[in-house]
Amino acid sequence: MKTKEFKTIATKYKTIFFDAFGVLKNHKGIIPGIERTFEFLDEKGINYFVVTNDSSRGPEGLADGYIRRGIKNITPDKIISSGMLARDWLSLKVKEGVVAYLGTGDSAHYIETAGLETLPIRDIDLDDIDHIKCLVFLDDEGFDWNQDINKVINLLRKRNMPVVVANTDIHYPVSKNDVAVAIGGISDLVEEVLGKKFIRFGKPDAQMFMFAYERACEVKPLKRNEILMVGDTLYTDIIGGNKFGMDTALVLSGNTLPDMAKVRISGSGIIPNYICESAIIS
Amino acid sequence: MKTKEFKTIATKYKTIFFDAFGVLKNHKGIIPGIERTFEFLDEKGINYFVVTNDSSRGPEGLADGYIRRGIKNITPDKIISSGMLARDWLSLKVKEGVVAYLGTGDSAHYIETAGLETLPIRDIDLDDIDHIKCLVFLDDEGFDWNQDINKVINLLRKRNMPVVVANTDIHYPVSKNDVAVAIGGISDLVEEVLGKKFIRFGKPDAQMFMFAYERACEVKPLKRNEILMVGDTLYTDIIGGNKFGMDTALVLSGNTLPDMAKVRISGSGIIPNYICESAIIS
Amino acid sequence: MKTKEFKTIATKYKTIFFDAFGVLKNHKGIIPGIERTFEFLDEKGINYFVVTNDSSRGPEGLADGYIRRGIKNITPDKIISSGMLARDWLSLKVKEGVVAYLGTGDSAHYIETAGLETLPIRDIDLDDIDHIKCLVFLDDEGFDWNQDINKVINLLRKRNMPVVVANTDIHYPVSKNDVAVAIGGISDLVEEVLGKKFIRFGKPDAQMFMFAYERACEVKPLKRNEILMVGDTLYTDIIGGNKFGMDTALVLSGNTLPDMAKVRISGSGIIPNYICESAIIS
Amino acid sequence: MKTKEFKTIATKYKTIFFDAFGVLKNHKGIIPGIERTFEFLDEKGINYFVVTNDSSRGPEGLADGYIRRGIKNITPDKIISSGMLARDWLSLKVKEGVVAYLGTGDSAHYIETAGLETLPIRDIDLDDIDHIKCLVFLDDEGFDWNQDINKVINLLRKRNMPVVVANTDIHYPVSKNDVAVAIGGISDLVEEVLGKKFIRFGKPDAQMFMFAYERACEVKPLKRNEILMVGDTLYTDIIGGNKFGMDTALVLSGNTLPDMAKVRISGSGIIPNYICESAIIS
């Protein structure tokens, strides 16, 4: 598998979208040297955004994680999270009332900033649910799976309401070898039990790329193929970016290991424009 | 939808297989009057078995639930559970060593009676797993979902071993309106995260019907179409029984409600030989 | 199921998107009276578009079908088809060279107007495929299924290339009772055989609604919830429009029959803002 | 990946089941040297069967293919095909009348030997279908896909009847590099369009292994783990044989290539008891 240096590719584009996990950080924290990439992009006047399916906290909280770990250039305005799509959807479509959720208090930020009242599943009385307008799956933490997954199922059996999944990922890494079920995986289980169809936000869905694209165009108008999507996962970052009309670069610092990249690309038919060892510019 | 009286159908067969939930019992307990069905079958010399995907306890425990509630004729030898297939598989294929499990201590009965050592997931040290031969999904109760589902995933990422699912059901009823996720649903989530393929026992899989058939033939040799499968669910009892070569009766006392039966049958293409209000013989 | 008169709803919106089949036409042709709807919208200064997964011919061809049947207001600029997304994608991402396709010559319009050379599958020599840049699934007609489906599969096994599906529908109606497999269904079969992942355009995917939204905004800037999506199918028009942030009206003149609407909505959890007998304004 | 010599494994078992394609034959014909395997097994008194999802012709026709190519020991009584399960099912459940089918005249053998009247889809008049009792998917050849796939769909929309799929395979090899869609793939497309559930026979389903097991026991009574299942495909032969309680040997002469075997086994979690280069005993 012939790889290219990320630096020579990056300079061809006006804006770059970065996936977070496997590209900017891994189980040990920030990937060493990646902070230099953002200094380089700032020097060259190339704009950038972090485009992530992480809805566990708001953009300020997510940016803070980068800043504290030494990437000072990733400010909240550089963060595009799937939670922000959920928030916009709630603003447009729910408008007022109580929104139930599965997740931490931090993740409920996306409901609150839509001007809506939040209600964690644990606090719901199943005999008094007429005031609940919508349910949002936000984060895998912050609730009791034994109790609250079944409670969500019975809430949705009792009352038909819109259900929003703010992160479509099935699992995420928690250490070098270990993973954890993400809220997208839990929402799949609930959908399967109920036979219902939820509203899902996150890569590879086009709405996520469109949202990021609109944000990027606010800074300066762009054609889609003037943007490079950089990711470590063929089935989210690469196919999604490609379908949206952007160019794509697969990095081998995360999910797709160097010795499997060729097999995965020919097996899946998902073809990135470039393959790079990492997104580090040294 | 024209229904037939169960009594007139039952007498055409030498042996009858009954699904448990929705046929013999519901959320309130034993369906009133069903005890008379078994007295009638005994009088007529028609044999019967309860064929169930319940692996939460052994056949003695399951039979005891019927006997205590007034159906004295359902003795342990009348119970065929998917857990018994898991037990037989373990006896044939694992032979010795430690078997990890998700479920209650009661459900671990199926591992113990295969002569194997049991180890609940919570007690596993993920740094010391070389002695674990196999993992079994037994019951949705008896473990901490937040901790132990992720622990199972990481166990199976660290070590490739056979995985057996002793109950393929996705959910089960717990009260008039409420359901709970069954262990089959949890195993689906784990399979999805891992991309692996587990060994699954339970209706509608043919191995379950074959197991029951072999048991019935031990009493007296039978042709398959001398057996009637009685169930409340098209996608498990009826399609499975039909494919196995048995005749089938759909009862409307459980999952398939009277006003939806026609739509469900024509929508699914799963056609029972008979439809009955219930399996009660009065 | 309480329905509303379409006229009273329509006047609340600045722009209306109409699904084609089941809303504007059915197996007999144009739904009688629907032409008046467009006269009314023009009188009121409400803009409208037909948003369709039909990629069997270009927008001129599709508009011509309406004009010839008496809806003179549906001119080519009012048509948004999934084929147009495929065309734009080809323009952005393929740029030059030969594009192979399954479909009629009419459907190849979308490749030609992207400035690319077209090659029907039947004319491909499987020993000379290095010049083929991309494959597009356009229409279920215009090729020999026995020969050409297998030929496509072997083309994609020999050479990894981007594959675009210009219509995600599985089937479409051809007469009062009969349906035919659509090209989306054929592409599903090919994806299943190959285990690959294609690029798919069409409702309910967000990219389709975004494309239509951008077109509508060219006429006059709009918020998403100033648009009404009118459709007959919960799983494409309604969930897709809703997720995109538009309001939605389910009409009972097509796929979703009046006596099943309530069951379908509560079963799927897909909730339209309004339900109307039809989109006719008399 | 450490492999074992097939000879040393074979002698541990009383009966051996062989998959056909990838084990006994490949795109060039019989795998050279495999005829010696059957002489050896006959010498040692080890029984054997070919267990195949091929329903394109009857056991005589299938055996004839081996005999003409030099494996004289594979007589019709050694053949177990999924078509034979379909035939038995028709005998038990349909009993009399007309059975429609997709496939060649040769494949219709399985309907005829069940004592039923055959009717190819092409000869059906969709206005005169009340006499059709059942539909069987037999072979991908012998019909016009453009016409007859849609005709089958509309037949099943007009009339609810049992549908049997006599071969669950999605595709099969036709030359060194090329494959063709199998009838199981076509039946998947039809099931998807209709949303119905068909009765499917073939590996990895337990009913296929049970059928073969019963046949083997007619010769001499056997425990399941006294049988070895030999196959080239993890997802059919190995998982199916393993679940049934048999031991399994994966051979690397077909679908699973030597350099991918380790990745496939750890990726899928499907673990054969043995891995062998081939089933040749020299």
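Think of it as A, B, C and D in the order they're written, each chain with its own count starting at 1.
Just so it is clear, a residue touches a chain if its C-beta (ideal position, glycine included) is under 8 Å from a C-beta of that chain, and two chains touch if they have at least 3 such contacts.
No experiment lies behind these values; they were computed from the predicted model shown.
**Q** By mean C-alpha coordinates, which chain is most distant from chain A?
**A** Chain D.
**Q** Through what angle, between 0 and 180°, must chain A be rotated so its C-alpha atoms fit those of chain B, rounded to a multiple of 5?
**A** The two chains, chain A and chain B, differ by a rotation of 180 degrees.
**Q** I'd like the Å distance between the centres of chain C and chain D, where a centre is the mean of that chain's Cα atoms.
**A** The answer is 39 Å.
**Q** Taking the mean of the CA coordinates per chain, how far is chain B from chain C in Å?
**A** Their C-alpha centroids are separated by 44 Å.
**Q** Quick check: how many Å separate the C-alpha centres of chain B and chain D?
**A** Computed from C-alpha means, the inter-chain centre distance equals 28 Å.
**Q** Scan chain A for residues touching two or more other chains and write them down.
**A** In chain A, no residue touches at least two other chains, as defined above.
**Q** For the complex, which residues does chain B have touching chain A?
**A** For chain B paired with chain A, touching residues are 144-146, 149-150, 153-154, 157-158, 170-171, 177-181, 185-186, 188-189, 192-193.
**Q** Please give the residue numbers of chain C that touch chain A in the complex, ascending.
**A** 88-89, 92-93, 156, 160-163, 194-200, 205-207, 210, 223-225, 235, 239, 242-245, 265-271
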